[in-house]
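First the structure, then my questions, so here it is.
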């Protein structure tokens, strides 16, 4: 069953989506919010594609490799932006993004 | 942090979305597929709203109770349909749906 | 056919989702971005639920009234926030939100 | 503004998502539903990615070409499946899919 084959990837996608959404929420509450504009934007892009792919894997989509390839790219872009900021939520998000990008590449 | 407050609900939503998507995929492969039409339809509705709410909770949506109330209703409708069918994926899906509906009601 | 019955609502939902997403993008570029935090957050909530409902209507979801009722509430909250800001994108977004909320209420 | 640059593509994505969702709904009501299993599955995949990209374009996503490239591929797969079936909803869906695939390729 597809969703069992991809269990580890589904877990990483879920963790990355949650981390990105939490980082997005936390960035919107930061005093230096203006500096976080790209982070907010990329958090949303990354959370949305991870959630999409997680969902698509669990319904056995025929387009795993194509979607995982795009997802890896977006995770890396988000991780690279988050890495620049010292906020704990950004550092944790960067970590989740890079782990998810690696997991995506194994099926891309 | 909202996504930590709602950790148990996020887990139930995730499990329900995965179960519904797996049931949808499995129904599309059944010999008696015509009998599964409502199940296929409701599996998609339920997976989509659970995935939506899971995602919305993790970004700290201000609309938790409204969304959880709709989600509970859709989970119950899907669980009631799945319960009618003997396929293991349907029975497992019904179980995940009812558990998720209960969890939704605690915040609705 | 459901998506034809609901053609006018689908149009309003589409226009509202586009307006909210444009306002979100524009807010992330404003100098006074810190003041726009709630607007950014609500733009995303509103765009997401409008897009969800538009999509659900076009697949003939059995949950029209429940989803439209939540959507109306989110559109109103977003419209009320956008209305407070003088940016043209906020005023246009408020307008789209209120029109969409009205359309949602006709089926809720 | 991005969503104005991409107005024609957003229109094609919207029309394709609506056609796919309508075809999905209609397939679930066909007597020969078993023959429509791949069509149902691909209609959902295609509607979901078109809706995703439409939404992403309107928020000025930085990942237009990557997402449009995946979307073009999924639209073609769905169009090729729908083309095989004589139902009017399948033929109309195939048409919308191929037009959308072409539009996606112009930005991919």
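For clarity, chains are labelled A, B, C and D in written order, and residue numbers in each chain start from 1.
Here is the rule we go by: a residue touches a chain if its C-beta (ideal position, glycine included) is under 8 Å from a C-beta of that chain, and two chains touch if they have at least 3 such contacts.
Everything numeric here is computed off the predicted structure, so don't read it as measured data.
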- A-B versus B-C: which has more C-beta pairs touching? A-B
- Item | Listed chain pair C-D, A-D or A-C that repeats interface B-D [over half of contact pairs the same by residue number] | A-C
- Between subunit A and subunit B, centroid-to-centroid distance (C-alpha), Å: 23
- Note: subunit B residues in touch with at least two other chains are 41, 44, 48, 59
- Mind pulling up the subunit C residues that touch subunit A in the complex? 28-29, 31, 33-34, 37, 40-41, 44
- Contact residues on subunit B for subunit C in the complex? 41-42, 44-45, 48, 52, 56, 59, 61-63, 66-67, 69-70, 73-74, 77
- Task: Write out the stretch or stretches of subunit D touching subunit C in their complex.
- Result: 1-3, 10, 14, 17-18, 21-22, 24-25, 47-48, 51, 54-55, 58-60
